[in-house]
Amino acid sequence: MPETLSQVIDDLVLANRILGHESVLDAFGHVSARHPDDPGRYLLARSRSPLLVEPDDILEYTLDSEPVRTPKVNLYAERVIHGCIYQARSDVMAVCHHHAASVMPFCVAGKPIVPVFHFGATMGSQHTVFWDQHDEFGDTNLLVVKEDEGRSLARALGQHWVVLMRRHGCTVAGTGLQDVVARSIYLCQNAEYQLRASILGAPAALHPGEVKPAGEMNLQPRVVARAWEYWTRRLEAAGGWPLRGGGAKAARSAASNPAPARGKSISKGKKRR
Amino acid sequence: MPETLSQVIDDLVLANRILGHESVLDAFGHVSARHPDDPGRYLLARSRSPLLVEPDDILEYTLDSEPVRTPKVNLYAERVIHGCIYQARSDVMAVCHHHAASVMPFCVAGKPIVPVFHFGATMGSQHTVFWDQHDEFGDTNLLVVKEDEGRSLARALGQHWVVLMRRHGCTVAGTGLQDVVARSIYLCQNAEYQLRASILGAPAALHPGEVKPAGEMNLQPRVVARAWEYWTRRLEAAGGWPLRGGGAKAARSAASNPAPARGKSISKGKKRR
Amino acid sequence: MPETLSQVIDDLVLANRILGHESVLDAFGHVSARHPDDPGRYLLARSRSPLLVEPDDILEYTLDSEPVRTPKVNLYAERVIHGCIYQARSDVMAVCHHHAASVMPFCVAGKPIVPVFHFGATMGSQHTVFWDQHDEFGDTNLLVVKEDEGRSLARALGQHWVVLMRRHGCTVAGTGLQDVVARSIYLCQNAEYQLRASILGAPAALHPGEVKPAGEMNLQPRVVARAWEYWTRRLEAAGGWPLRGGGAKAARSAASNPAPARGKSISKGKKRR
Amino acid sequence: MPETLSQVIDDLVLANRILGHESVLDAFGHVSARHPDDPGRYLLARSRSPLLVEPDDILEYTLDSEPVRTPKVNLYAERVIHGCIYQARSDVMAVCHHHAASVMPFCVAGKPIVPVFHFGATMGSQHTVFWDQHDEFGDTNLLVVKEDEGRSLARALGQHWVVLMRRHGCTVAGTGLQDVVARSIYLCQNAEYQLRASILGAPAALHPGEVKPAGEMNLQPRVVARAWEYWTRRLEAAGGWPLRGGGAKAARSAASNPAPARGKSISKGKKRR
């Protein structure tokens, strides 16, 4: 089932808002998708908090993280995280970089997250790997802004799906937007349970042979679709969905046909959520 | 006071949504009720997040967890949890399987929950029992999907009302829907207080002789009714109740009388919560 | 400034809802006020969750906790908590009994709450006192329902304003409704900070000489009024205030003048919050 | 870009409400701005909970914390915190004093907050400094109300941007309103992650050479503006913004032109949020 660009943009806007509403992303952090027609490009919002992202905010980038069209807006500084992972991993179709409150204690303490329940197995390994920007680059402002930094992070990710970044946050890769949203949310749940279990004593990880089957089961499209409906409904109840002005198709159509009345109505819809 | 099928379906939908809103269930987990007219059957939603369940989603199962009518929808994979407990325990009229955040640290750390306040005594014993799927079945994806697995879990539950499942979650049985909802919510509160008390030092459990009277008092229908009104009001304030299209009776009536105007109005009501 | 009965009932309803919304009370727990005209009586809701209490729910009791008028509704089982404290303490004008989540870990672990910040000093002493029903009454269901139990609890409270009840909850006394609400909410905040500070190391209590001036300052009517406006606004934002059908005066007037139109409008207002 | 008084008042009202909604301020605590035209004056609300502050609540003070116009309303008792810091630090343009739940455990335990992630570096130093009112002033009610107390606190702050107050709370200074709001919110996040990381083991602070670049990067106006849009949107979704009666300019204009119809509409707007 080939996806059109409009569909992916709509899904990317929804993924931004779901991750914002479910407290994976806050004022900062970002999520991207590989371009459905051109594996050498990816889609990412302009510099804006994910909960507020709209179809017109989505920009197209080459894999060296240069915007395809000269932008009139601010860009995320850390977009090389996305570009370098898409370069290194042809199986990755979506990337989320975040500083979720449940994951941060592990990034701060330098302790790996291990899968402690079946949904946690969607992290895809026995424990998370770490990347410390200071090891290779010394004193920085901790933002991943240079190609070298992005490539170093992508090397640390390797064939995994999650990499924790010391004193910074976390990056999650996925085989698609629903996949990366699910992995990101379940990782947060797992981290929360692991932290709280450690108050009671040593938390027990899944048996090594449980991780693969449990992770694969819970990333089946049918299973993720059930959660996706739930996350969308929660976002709706909070007034964050659907978009007042319609999705990507409506926005593009309005943009290419700037009749005053229509354009006005859409812009009004966007301002009031 | 005999309950009609319509009443039980309506209560089951409300129980789904209350447990979803009170954070016992999230995208996953499920709650069932034994059929009011046929103890050899039970009622359970199609595969859907509990907060979103509607009367039309409720399906009828035999106790070996086969749907009575060939379904056109996806089913919960773990329905044997329900069927096997109904088989083993004729006194159980409702079952809830969940992965509540407050209970998970105990499932991960392998430490029993003990009743630490009077409402916690509704768990019905001095401490929770454990079931570890790995003990008998080795490496699995941790889902309870085979009759053998369900029967093993039911054996671990025994004559208790709560069983913790290592690295997975929890299953609670009850004498009815209000009973199982109350037990599930109070268990979460108890677990939260026990975890936090353990930061201060060794939490003290109820005296053995306090558990039975305290548990029985707090499960009296009059007491549970007070809490039920509260949980319903909270759900209402969040926009999750009442159903726009009416309850089970209205839905069935509309289904058997598919006049365009009426059917349309009900379906519209269901889509917007 | 003498208070009329109508005013106290309205304040009591608001106190119920504020304490419910601020998570001091949940499905259970209750708050009362001494009768403004008769110190030998007190006012307390019928058995109902505090967030839902309306003026018509408020009943009048003698200090031995018997209803003045034969009620047609269920009563709180633990009303002797209120009656026995009003008997023992002529300076107490309001009482709140609760099982707040932030206080429960201390009731479970048997560790006293100590004032760790200036608002915490409103507990009025260097540390909270404890009462354990089991000491004097052995195995019970932990509810305080007999006069003897109530009197024992009042003795444990003594000249203090807060008493923690082992494996049960907490009772707070005050010089008025706004006073008891403020003390209850600040105690919860103090307990939360003390618990979390204990993760970092031994929390430091206020110096003995700081407790009295800090407690008195923060219970001045002018200071409490500022918080009261805030708690009311938060309740309003959640849709819990004002009452749709008006306050106590409107309700009584409608009750004594049951003209169909008016009565209907009020009852409709009450059902929808 | 010179700011007018009206703009600063509007920003100050919004800062009050954002800090209230983001749980930095609650019923208590306050935020001020230096007067845009007169560095010898500052702007601060009358004694009111920050979430409820409106343009007409903003008063003008001299740096010795005396109101410029004789007020008919209650004033914050602790305004010398603001006046004394503006006196001591000409580079400070805004001050926030709070008792945020995430910071309080550190004030209670007497443990410094250290920057544990890049946004935490906005505290501007390797660790927070402490001030203990008892050291110099002995037993008080812990409120900072005398010039001497305010000056002592300002000395403890020194050239830093954050000072923790033992058994009391925290004061944050900034180069402007958006700056002080950002520093306050990020400090709370940092404190939360540090506390929770300490459950897992010793939390690691940023390398000394990372603090300055990370702090400066994240306080760039362009970066703060992205967060400001997010915090404003969240406040809007909760019904706390925009003001019903318009901002400072509208309020002043209505005040100087008390036409019944207009004045009425604005006052109505203010009462209902």
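Read from first to last, the chains carry the letters A, B, C and D; within each, the first residue is number 1.
One rule holds for everything that comes next: a residue touches a chain if its C-beta (ideal position, glycine included) is under 8 Å from a C-beta of that chain, and two chains touch if they have at least 3 such contacts.
The structure presented is a predicted model; accordingly, all values stated were derived computationally and were not measured.
Peer 1: Would you kindly tell me how far, in whole Å, the mean C-alpha position of subunit D lies from that of subunit C?
Peer 2: Each chain reduced to its C-alpha mean, subunit C and subunit D end up 32 Å apart.
Peer 1: I'd like the Å distance between the centres of subunit B and subunit D, where a centre is the mean of that chain's Cα atoms.
Peer 2: Measuring from centre to centre gives 46 Å for this pair.
Peer 1: Residue numbers in subunit B touching 2 or more other chains?
Peer 2: 198-199
Peer 1: Going by the touch rule set out above, what shape does the chain contact graph take here: line, ring, star, complete or other?
Peer 2: Graph shape here is a ring: one loop, exactly two partners per chain.
Peer 1: When you check every pair of chains, which ones turn out to touch?
Peer 2: A-B, A-D, B-C, C-D
Peer 1: Quick one: in the complex, what on subunit D touches subunit A?
Peer 2: Residues of subunit D touching subunit A: 116-119, 121, 189, 192-194, 196-207, 209-210, 213-214, 216-218, 222, 226-227, 229-231, 233-234, 236-237.
Peer 1: Can you list the subunit B residues touching subunit A in their complex?
Peer 2: On the subunit B side, the touching residues are 26-28, 47-49, 51-52, 74, 99, 101, 104-111, 134, 138-143, 166-169, 195, 198-199, 238-240, 273.
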